[in-house]
Every structure is written in C-alpha cells, then in structure tokens.
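Across the two complexes that follow, chain A remains constant while its partner is chain B and subsequently chain C.
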Partner chain A sequence: MFNILKELIYSSGVVSLTGGNLVMWLVAFVLLYLAIKKQYEPLLLLPIAFGILVVNLPLTFLMEPEHGLIWFFYHYGIEQDIIPPLIFLGLGAMIDFGPLIANPKTLLLGAGAQAGLYVTFFAAILFGFDLQEAGSIAIIGGADGPTTIYLTSKLAPHLLGATAVSAYAYMALVPIIQPPMMKLLTTDRERKIVMTKLRPVSKLQKICFPIVTGMTIMLVVPPAAPLISMLMLGNLFKESGVVERLTNAASNELMNIVTIFLGLSIGATMTATTFLNPKVLFIFFLGLFAFVISTAAGLLMAKFMNLFLKDKDKINPLIGAAGVSAVPMAARCVHKVGSEANRRNYLLMYAMGPNVAGVIGTVVAAAILLKNLG
Partner chain B sequence: MPELIAPLAGNVWKVLVAVGDKVELDDEVIILEALKMETPIYCDDAGTITELKVTEGDAVEEGAVLAVIG
Partner chain C sequence: METDWPKVLEVFGSGIIGVFLVMILLQLLTQLSTRVIDIIENRNKGEDAEPGA
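For the complex of A and B:
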C-alpha cells in the first residue's frame, strides 16, 4: 500500500516542479487576469496564458518534440509558417485599403513609422544580442503580432515567446503609450486640424489595389510573399464582392481557429528555462523602445510632410502615429486624441490610411531583415 | 433646411433624439459605431428635429444625411 502511494507520488509531476515553474504559473495567472478581468487582447492572451500554464506542469511532455500535442501545433503551425500567413488572409479580408487609395501620400507615414525598427535593431546589437535576435526584437516596433512571430520563428525561435508577447502587449497598450507622445510632439493647433474630405474610391480601384500592390511588393521584396500574398488574397476576396462566403470564412472561422493554435503554441514556448532569463526583460524594454520611436517617427514624418503641403491640404499630424501597424487600435487612438482637441474632428478614416500602410510597411521591413539575416 | 451629415462611415449605434425634439448647437444627436468605436455626432444648428433618416443598426456612408433639423 505504502509502495503504491510512493510510486504514485514519484510518477506525478509534483516532485519534479521547479521554482521556475511556479514563477511561470504566476506569469500565466497574471496574463489570465489581464485577459479575463481587464480584457486586454483576450482572444490571444487567454490561450497564451493557458499554454504557459500547461507547459510548466512537469512530465506532461506537451512540448516534447515528435510526441507532444502542443508541439505538433507549434511545429506545423508556427515553425512551418502556416499560421501567420493565414492570420494575414483574415486580416486582408477585414481591412479596407480605401483610405490609403484615396490619400496615397499616407503611405509615407506607414513607411516613416518603421524607423523605430531600424534604430532598435542597432540598439539591440549594442545590448549584446546577435544579428538574428536583434532583427526579431526590432520588428516588435511595428506592433504587428503575426509578422513578429513569422520573423522570429525564422531568425531566432528561442525568443519567440518573448517577442510575440511583447508585440501583442504593445498592440494592447496603444491607448496608453501613444496619447502622451502624441500630445508631446504636436501642438494643440495641429491636433485641431480638420482634414479635407477623402475623394471617393471606385470599386475598380479597390479591386486593382491588392493585385497591383501585391505583385509589386512581391517582385521587389520576394521574401515578403507568404504574408503579402495572403493579405492581398484576403483583400481581393472582400473587394471582389463575389465570394462573400470565402471572405467570411477567412475573416471569421479560419481566423478564430488559427488564433487558438497560435495562442496556445506561443504560450507553450514559454517554459521556465527559456523565459526566465534576463534577456527577456531586455526584449520587453527594447520592444517598447522600438514602438515609442516608431510612433515618434510617424508623428514627425507627418509634421515634415505638412511643410510641403498647401494650407487646405495639410494633414493632421496625429495620423502619423497610426503608421505603426496595430490595426485598428492605432487609428482609434488617433481618432480619440483628435476629438479631444476638437470634438468635430473625425480622424478615424484618415488614420486608417497610414494604419493599413503600416501593416504593409512592417511586412516589407520584416522581409528585408529576413533577406539579409536569414 | 439644415441637415445633419455623417462625417464618417459606420453603423448607427444610438439615436438620442426623436422627431419633434428641440436640439441646441453641439447637442449629441446620434452615436455612430465604426471599427468598434463609438463616435458621437454633434448638432451643427439649433432647432427642432423634423425628420430622422436613420434608425439604430443602419449602416451609413460618409456624407449620408442622418437627420433634418428645422
């Protein structure tokens, strides 16, 4: 009897628990709290937190290569780069490039806001990260979860948990991080600028955009193809207007399904041994730095463009902050800050131009990093 | 007659007035929802609501007439 009990205890995970596991439980519980109580990106944070929790239960072997259940999700979904492009398919089926087509100069804002990536790349190298790690950390500045995961899984898979969580964290924290910077870098008068009405965009233009832009980007930067091709296909579904079922499948069911596997797999990469490492703190810090510089670069780029624009065409520099690719959080944030300065200022759609341009900009930046470092 | 125009595309989330209500300049008349964000639309004129062109749940384009103020 005693022997059976002893056997049971030794074969259980309890005796194999480490202090690190307990710390990771704590991390998981904090994330669960943030997801459920505070509703910060719950669709992702909830599966991530649960993934962290279960992978830190000893002897479950959920992430054991070739055996563990979640390892298979991770291997086929993320290591083989299936999930991030599928998320982009759904994203493409949801976003409207109309504001960008109507006001193509906002493309410059989406490109300008990538400056934080390059600054951070060099900062990370100074902190002692190798080139591949530095590239994966820098991309956090785009505040684009799927692109960050895509790039990190190729360049520095051991950092995946940390870069993914910080990218999603800064996406969720846009309404907290961006407004103080917007107010610091713009004057009250600038924030009050009401922009001239966007020109109407025809259906034909909207249909041509994903085809022409997609082909151009893939010809110029071929490594962007997996993400850009799916993004543009999703958008073509939407704009063609003839495959509503596919549009809905891509943006709802498929997106929801892959989100489950994405979150769970990302969480499961965070074992105590990989995550409880001083480097991770630096990653969060450098990621924040990247995001802040990108926001500032977008705002300053918009102010710079205004130097060359006639009075009636001046843009509200706040929309520059939407050049980071957190869609649509950054655009919402611009709208809110703009309406605080002038309650008849409705910047939402104007901010969507740079915001969708930011998505493209971050993918292109990732492709350039991949080409040179991969 | 002055018209209240939708400044951005979205769905009508809440209609805060009824036909016959008196409204002042800057009153909140309608709340539009776009990209999961509520955007209040303010009155440009004082007067009485003579006609409501939308009801809650309608999708409106930018520039659409939401209400007529007499």
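For the complex of A and C:
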C-alpha cells in the first residue's frame, strides 16, 4: 500500500515542481485576474494565461516537440505562419477603410507613428539585444498583436511569449498610456480643432481600395504579402457585399477559433526557463517605451502636417496618436480626449483613418525589418 | 558580442524612409483612384439623368 502511494507520488508532477513553475503560476493568475476581473483584452489574455498555467505543470509535456498537443498548435499555427494571417483575414472583414479613403493624408500619420518603432530598435541595441531581437521588440510599438507575433516568430522565436504579452498588454492599456502623452504634446487650442466633414466614399471606391493597396504593398515590399493579402481579402469580402457568409465566417467563427489557438500557443511558450530571465523585464520596459514614442511620433507628425495645411483643412493633432494600430481602442481614446477639450468635437471617425493606416504602416514596417534582418 | 553598427544604421534609416515612401505612394494612389472613380461615377450619373431631362 505504502509502495503504491510512493510510486504514485513519484510518477506525479508534484515532485518535479520547481520554484520557477510556481512563479509562472503566479504570472498566469495575475493575467487571469486582469482578463476576468479587469477585462483587459480578455479574448487573448485568458487563453494566454491558461497556456502559461498548463505548460508549467511538470510532466504534462504539452509543448514536447512532435508529441505535445499544444506544440502542434504552436508548430502549425505560428511557426508555419498560419494563425497571424488568419487573424488579419478576420480583421480585414471588420475594418472600415472609409475614413482613410475620405482623407488619404492620414496615411502619413500611420507612417509617423512607426518612427517610434525604429527609435526603439536603436534603444534595444543599446540595451544589449542582438539585431533580430531588437527588431522583434521594436515592433511592439506598432501595437499590433498578430504582426508582433508574425515578426517575432521569424526573427527571435525565443522572445515570442514576452513580446506577444507585452503587445497585447499595452494595447489593453491604451486608455491609460496615451492620454498623458496627448495632453503633454498638444495645446488646449489644438485639441479643440474641429475638422471639416469627411467626404462621402462610394461603394466602388471601397471595393477598389483593398485591391489597389494590397497589390501596391505586395509589389513594393513582398515580405508583407502573408499579412496584407489576408487583410485585404477580408476587407474585399466585406465591401463587395456579395459574400456575406464568408464575411461573417472570417470575422466571427474563424477569428474566434484562431484566437483560441493563438492565445494558448503563445502562453505555452512561456515556460519558467524561457520567461524568468532578466531580458524579459527589459522587453516589457522597451515595449512600453516603443508604445509611448510611437504615440508621440504620431502626434508630432500631425502637428508637422498642420504647418502646411490651410486653416480650414487643419487636422486635430490628437488623431495622430491613433496612428499606432490598436484598432479601435486608440481611436476611441482620441475621441474621448478630444471631447473633453470640446464637447461638440466628434473625433472618432476622423481617428479611424490614421488608426487603420497604423495597421498598414505596422505591417509595412515589419516587412521591411524582416527583409533587412530575416 | 560586437554590435554591427553599420547594419543598425542601415536598418534604422531604410526602415523609416521605406515606411514613409510606401505610405506616400499609397496616399497618392488612393487620391488618384478615388478621383478617377469620382469622375466615372459623376459621368454615369449625368448619363442616367439625361434621358429623363
């Protein structure tokens, strides 16, 4: 009887538990708390947290190459580049490029916000990261989860968990991180600027946009093809109006299914040995730095553009902060800060232009990094 | 490990310039294509209105 009990204990995971596992459980419980209680990006943080929890249970071998269940999700979904493009397919089916087509100069705000990403690349090198790691950390500034995962899985797969959690965490913290920067870099008068009404955009213009933009980006920066092709296909589904079933499938069922596998796989990369590393703290710090600098760069870009615009065409510089992707949180945040300055100012639609331009800009920036560092 | 500073500067410079060039190109193409579509749609509207006029 005693022997049976002894054998049971020794064959269980309990005796193999390490201090690192316990710390990772704590990390998982904190993320579960943020997801469930605070509702910070719960769709992603919940499966990520559960992935962290189960992969840090000894002897489960869920991430054992060629054997573990979650390893198969990770291998086929992320290492083989399936999941991030599918997320982009769903995103494309939900995005409205109308405000961007109505005001194409907001594409420059999406470009401006990417400057922060390259400043962070430089900073990460100074912190001792190698070129590939610095590229993966810098992309956090784009505030685009799937692009961060896509690029990191190519350049520095060992940092995947840290960069993905960092990107999604800062996206969830947009309403906390961005407003102080907005208020610091704009005057009260600038925040009160009321922009001219957006021109109407026809259905044909909305149909042509994903085709023309997708073809152009893929011709100029081919490494962007996996993400941009899916983004534009999803958008074409939506705007064509003839494949409602596909639009619904891409933006609902497919998006939800791949989100489960994405979150679980990312969480499962965060074992104690890979995550409990001083580098991870630096990644979180540099991720925040990237996000702040990208926000500032977007705001300053908007102010710079105003120098060349006539009074009636001036843009409210707050919308520059939406140049980081984080759709639609960043645009909502701009609207909130704008309406605090002028209650009759309705900035949401204006901010959606740079917000979706930020998605395109981040993919282009990631593709250029991949071309240079891959 | 020694940092390859020329490569760092190349990635930094080509990245910033590259993103801006692509986005400016997209801006120009978007403006051009929407203008062409506007002209076509306005002409079609004019043609549709003519028979009843």
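Following the convention adopted for this analysis, the second predicted complex is superposed on the first by the 374 of 374 C-alpha atoms of A that agree within 3 Å, B and C clash if a C-alpha of one lies under 4 Å from a C-alpha of the other, contacts with A are read in each partner's own complex, and residues count from 1 in each chain.
The rule is short, and it goes like this: a residue touches a chain if its C-beta (ideal position, glycine included) is under 8 Å from a C-beta of that chain, and two chains touch if they have at least 3 such contacts.
Worth saying up front: this structure is predicted, and the values here are computed from it rather than measured.
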Original post:
Can A:R343 be said to touch chain B (first), chain C (second), both, or neither?
Top reply: first
**OP:** Could you let me know whether more residues of chain A are touched by chain B or by chain C?
**Re:** C
**OP:** Quick one: classify A:A331 as touching chain B (first), chain C (second), both or neither.
**Re:** first
**OP:** State whether A:I125 touches chain B only (first), chain C only (second), both chains, or neither.
**Re:** second
**OP:** May I ask you to decide whether A:M232 touches chain B, chain C, both, or neither, giving the answer as first, second, both or neither?
**Re:** neither
**OP:** Considering only touches as defined above, state whether A:A357 meets chain B (first), chain C (second), both or neither.
**Re:** second
Original post:
After superposition on the shared chain, which partner residues are touched by A:A156: those of chain B (first), chain C (second), both, or neither?
Top reply: neither
Original post:
Of the partners chain B and chain C, which touch A:G110 in the superposed model: first, second, both, neither?
Top reply: second
Original post:
When the two structures are overlaid on chain A, which partner does A:A365 contact: first (chain B), second (chain C), both, or neither?
Top reply: second
Subject >> Set of chain A residues, in rising order, touched by both chain B and chain C >> reply: none
**OP:** Spell out the part of chain A that touches chain B in their complex, as residue ranges.
**Re:** 197-198, 328, 331-332, 335-336, 339, 343-344, 346, 348-349, 352
**OP:** Can you check the complex and tell me which residues of chain C touch chain A?
**Re:** 1, 3-4, 7-8, 10-12, 14-16, 18-20, 22-27, 29-31, 33-34, 37-38, 41
**OP:** Could you please specify the touching residues of chain B with respect to chain A in the complex?
**Re:** 7-9, 26, 34-37, 39-40, 42, 62-63
**OP:** Flag every residue of chain A that touches chain C in the complex, lowest number first.
**Re:** 100-101, 104-105, 107-108, 110-111, 114-115, 117-118, 121-122, 125, 130-131, 135, 201-202, 204-205, 208-209, 212-213, 216-217, 220-221, 357, 360-361, 364-365, 368-369, 372-373
